[in-house]
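Structures for review follow.
Below, subunit A partners subunit B and then partners subunit C, in two separate complexes.
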Partner chain A sequence: MSPALNVVGRSVARSDGIGHVTGRTQYTTDHVFPGMLHLKIVRSPAHHARIRHIDLSEAERVPGFVRALTYRDVPHNVYTILGLIGVEPEEEFVLAEDRLRYKGEPIVAIVAESEEAALDAVARVKLDLEELPAVFDVEEALKPGAPIVTHWGNNTFMYEGHPCRRVRFGDVEEAFARADHIVEGVYDTKPIEHAAIETTACIAVPEANGRYTVYTNSQAVYFSLDNTAIILQIPGNRLHFVGGTVGGGFGGKVDVIVEPLATLAAIKTNRPVKYAYSRSEEMQVSSTRSAWRIYVKDGVTRDGHIIARKVTSYADSGAYSRQTPYALTKHAANAAGPYAIPNVSIDAYCVYTNRVPSSAMRGFGITMASFAIEVQMDKIAELVGLDPWSIRFINAYRDGDVKPHRKVVEDATLIETMQAAAALVGHDLPAEFRTMTSAPRHAGEE
Partner chain B sequence: MASTIVTFELAGREVEVMVKPMTTLQAVLRYQLGFTSVKEGCRQGGCGSCTVLVDGEPMMSCLLPVEDVAGRRVTTLETITPDEGVHPIQQAFIDHTAFQCGYCTPGMIMISKALLDHDPHPTREAIVDALAGNLCRCTGYEPIVAAVEGAAQATAGKGAPR
Partner chain C sequence: MKLRGTGVAAVNYPTGMNLGGDPSQALIHATTSGTFVVSLSSTDLGQGHRTVIGQIAAEALGVAMEDVIVDTADTDTGPHDMGTFASRATHRVGNAVIAAALEVREALLDVAAEELEAARTDLEFDGQGNLMVRGAPARSLKIADIASAAQFKYGKTIAGRGAFMKPKSPVDPETGAMDPDSTEAHACTVAEVEVDTETGEVKVLSIRSAYEVGRQVNPALVKGQIVGGAWMGMSHALYETTAPYYPDPGHAPKDFSEYLMPGAHEIPQIECVVLEYPSSNGPYGVKGVGEMTANSPIPAIVNAIYHATGVRIDELPVTPELILRGLDAKRRAALVAPAADTTATAGR
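And now, the complex of A and B:
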């Protein structure tokens, strides 16, 4: 006797579809304002360097040059995106001061009458740099004597005083000692660029009432507004951010990168300022998914039950952590996977290197855990002589199980999802798995 | 270098623009004439989001100096959109939800129009081949291929409007 459903189970035309197919959807850079200036960035050509001197004299003579901005123009130059939710310390430089920590790091912002003039002036800025040894590997970065990337003296993000996010559940060493098999693996993943077809961009427009309207393709409009207010040390009510239409994001547009500088330039010039990434900036400078190295050690019984799992993970945050500390927390909470494992130990490190900063991407720390874990599951299945379906059914978590980070499982659907998947691909499951459910276990049931 | 005046046909009328040498058709359409369906995903001929038709042939307007279209007919997504309703290819993209963020959509529709104008009954292989230069990061392409197949069914025999 359920009421008629008007939307569930039906295809509904998207409200933005007509705009997309007629080209009338307005994306950030489709806006044009009279007198609009263009902002381009002088970027670090080195992975790690000390700045000795910056010579702007030739750039300033380019016809159409309006002004240059350096860190001295930025009221609060060192920030942390997640500072809004209490993450410390402030670490990322809006514009570099004395040290460059990654290739592509912004040093000087050039504002000019045209994009061509801005690019010409950028090319004429002379940098006198002293190159420093750089580190590009998470485990190299943790060795004694490694080049130190951060301004506080070690290469890890600190979680409540610890160099890693830790999860401890049961006693893994005791369980390894009584396991029939030990299965170990190391899993390396590379950075991935989101490569949205629309590049990162914003336009900051001074309004007559003293406010600034900022058209942006940020995926995180209020994060960007609040961080811009902090960086520029102005009240948030002087900023009006207009977002919502994003030409592809996938996590690549959640960092606060273009809005603070474009707004600062609009304040300094009292003119609209556009700051849009080129395709090469999008590919080479914008945040990527982190590179990860994940060590997994599983203790397994001869019938395929995983009784202990130890995970040590390193995420390469690059030179600044952005959203990576949060991704590691999610990773640590999910590194045991959707499986009921009674003894688990996880150490997850957010490591600084001289690579381009990484940040959010779909799955956010969990995708990499899933990759490592599911390859482990297949290895275990092969070792104990089970098929890939069986190993997952017999270890699947159920409602009422406690995950290693003490979350009681609710609404588990792994078993039901696998049953549906098996039906879709025409795989006949044995009766014990066909009738299994995610309902809470009976007392004493494994 | 002195600017010159370039004349071409757009939306059924002659337009005149004053440009510096080597200004791209993409820049003229977007920033002088306000035809912002012409997108700029890469400005280096790599993504297809700026695809327009020149005398019916698909071209990436980001690589095309506007002098090269002097005296020729330029077709954009704006110019194929009827005053009322939508073009059959546009309707097929809606019906198949052949977009997510929408940024590649104008280029996808223009390359599809060029294909269907030449070949009203394309094979799936011909559709995939035609779309090869147009990148989409959201859909995985399947809904777009389905939309072009649907549009071919809807337009075949009648010929696609203008």
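And now, the complex of A and C:
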């Protein structure tokens, strides 16, 4: 710690710690309002289907039923979360219109006097569906004749005219031709849930002045407010979003899902409306981390230098893209990892399937790249007869190196971090790695 | 038989994400008692954001932590913020808070110069809640008294505005040239595992890591991220999925009785050291530690399983079934060609 600093660098007690351990911290659903209604969702039981007819008549007779909302009630029903920063096209349905693209997709919102009444009414909605062929695998989804999930005719997100986010650096094929070894790997990861302690929730409260206060555990209250204003086509100044301490996010609370419908229901009923995910909704219909399939091909010299890397990655976005296109871009910028590789080619595809949409999660595009690269490093080490430490020191990036996405490295400390880890576990490094630094290379130094 | 192995993994992590521009803003004002209220729309996810921002504000204002109130996540009172994600909050909001504190200090200097009848340029903050004439400690005022005088004697506000934004970086669609992040943090993890060859179960014995995260604002909270992330990484590596038979979407778990995660008795020894190489663009050199802590434990564990068993597994999570199938394949290969390399690949 710098001696010039007073408070920064000290382990001061966290300001909310006492509240957390004594149960006094107020979370979103700790707010209770007189006359509060409960919103529950009729969800698609099919992975892919056309809606023939929806019969609400029995649901409407449930005691405590207040009203149902369908897509006809949503002023701007087709949106894209990242539309706020210019990402196109609008594609996700707040409430389904004629087609269902994943199991769990919202169709009708039921507002009732109690949670029990809302769930009872949801169970009594009759759906007449025509099931359609569905696709669940990223590479199957790209084959000719695969069921098409999107409304634009193929199953990839388009990046400025390309079906994938591309990185092109140096000449990969030329380097493969002169490499001593080619090391190939295919890495697969399954979708996972954020599993935060607090489930996604909000309560929308109509105020006397015509505004709506929305208590939410969003990770980004302005992002949620601005998207809600677009979906409901109301001026942003009629919305007041209030967050607080969130019981864990990990990227699971950056999708704007509950706030628009709860606010719409508050507008339509002029009563406070709570929309909180149950644990099973959180597990089964909230966004997951994408499943990934990553093909890595490395060209390596006999002394262990990686001179070329080609990566083809597929992230399973599910039925809608949410934040996934952005994760692929971050992935593409980092698929070479913390290593200096002079020839790199990356194609990163955001693929649509009939799966629950995936979205942001801790490590956004990087976690799975790190998994693939670091297992690959061990395979290379074994092939050229080096230990797992040496292969990483030999290839580590240094200040002044240029990453494949043309960014000059200016804060490399991989070497120093590995030295500290070796010291922590009592692993003796040879002198050449013990004295290595991340300082810029001399002219001509490998 | 129980086999032990050790695996290594080293990672970088790019913090921040500005492909759409990435602004955070902060406002600070003084109350009558000389307390400083930091108003943000940024959210605390439980990681201790409020505490860390309070520390940065106190440091930049030159006052005690107790004299800072951090008000978060209110769109009526807090200025715009993109949100808490991308390991951005301490870096972005911290920079915005420092900028706001600089304006506050200017306002304090204006009032103190009048109160002390001294030139503004002769005044200095002592970092302990006082403003004084340089070289003359007797001519000193408490910041709380300056704030009070500003309001009741001079009719002035003591307030500051701060913003930080890394501008939007367009991506070249042909080459991928882009500048999508602010700085790189680093980690290196060594994992030790014990694999039961009869059941395929993996017991993680230890996860030991070095981290380099720029400046640590609060070392205890950094350690909290590292320990929590080690657990999450171990959970990704060995336990979790919402689609156990992916790509088949069936058998999706409904709750924590069906969605496996390691419990308290499965948590290994977790140790860390933290290096500080301050970044050029973060508040006091912060890089950020939010997301990256789950990353290096995953390949470190998978590499340790290979070291222990000779079974290469290229998919997650690494279930006992995958390990047993890998061991079977290895045995079969040994029977067919006993002299050959018996390294097997499970899964694919």
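Here, the second predicted complex is superposed on the first by the 436 of 446 C-alpha atoms of A that agree within 3 Å, B and C clash if a C-alpha of one lies under 4 Å from a C-alpha of the other, contacts with A are read in each partner's own complex, and residues count from 1 in each chain.
The rule is simple: contacts are C-beta pairs under 8 Å (C-beta built on N, C-alpha and C of every residue); 3 or more make two chains touch, one makes a residue touch a chain.
The shown structure was predicted, so the numbers you read here are calculated from the model rather than taken from an experiment.
In the superposition on chain A, A:177 contacts neither subunit B nor subunit C. By the document's definition of touching, of the two partners only subunit C reaches A:410; subunit B does not.
Contacts of A:439 after superposition on the shared chain: neither subunit B nor subunit C is touched. Contacts of A:402 after superposition on the shared chain: neither subunit B nor subunit C is touched.
In the superposition on chain A, A:29 makes contact with subunit B only, not with subunit C.
In the superposition on chain A, A:5 makes contact with subunit C only, not with subunit B. In the superposed model, A:123 makes contact with neither subunit B nor subunit C.
Using the contact criterion defined above for the overlaid structures, shared-chain residue A:193 touches subunit C, although it does not reach subunit B. Using the contact criterion defined above for the overlaid structures, shared-chain residue A:392 touches subunit C, although it does not reach subunit B. Between subunit B and subunit C, it is C that contacts the larger number of residues in subunit A. Counting contacts as defined above, subunit A residues 11, 13-14, 16, 20, 195, 246-250, 279 meet subunit B in one complex and subunit C in the other.
Taken in their complex, subunit A has these residues touching subunit C: 1-2, 5-16, 20, 47, 82, 84-87, 103, 136-138, 140, 159-162, 165-169, 185-193, 195, 218-223, 225, 239-251, 253-254, 279-280, 283-284, 288, 291, 326, 329-330, 332-334, 337-338, 346, 353-356, 360, 362-364, 366-367, 370-371, 373-375, 377-379, 388-389, 392, 396-397, 404-407, 409-414, 416-421, 423-425, 427. Across the interface of their complex, subunit A is touched by residues 7-14, 17, 19-21, 41, 43-46, 48, 50-51, 54-56, 58-59, 62, 64-65, 70, 72-76, 80-86, 127-128, 168, 171, 173-181, 183-184, 186-190, 208-212, 214-221, 232, 236, 240-244, 246-249, 252-256, 259, 261, 271-273, 275-277, 279-280, 284, 287, 290-292, 294-296, 298-300, 302-303, 306, 312, 314-317, 347-348 of subunit C. By the touch criterion given at the top, residues 30-31, 34, 36-44, 46-47, 49, 76-78, 81, 86, 90-91, 93-94, 97, 99-106, 109, 135-138 of subunit B touch subunit A in their complex.
Chain contact summary for the complex, subunit A toward subunit B: residues 11, 13-14, 16-27, 29-30, 32, 194-199, 246-250, 278-279.
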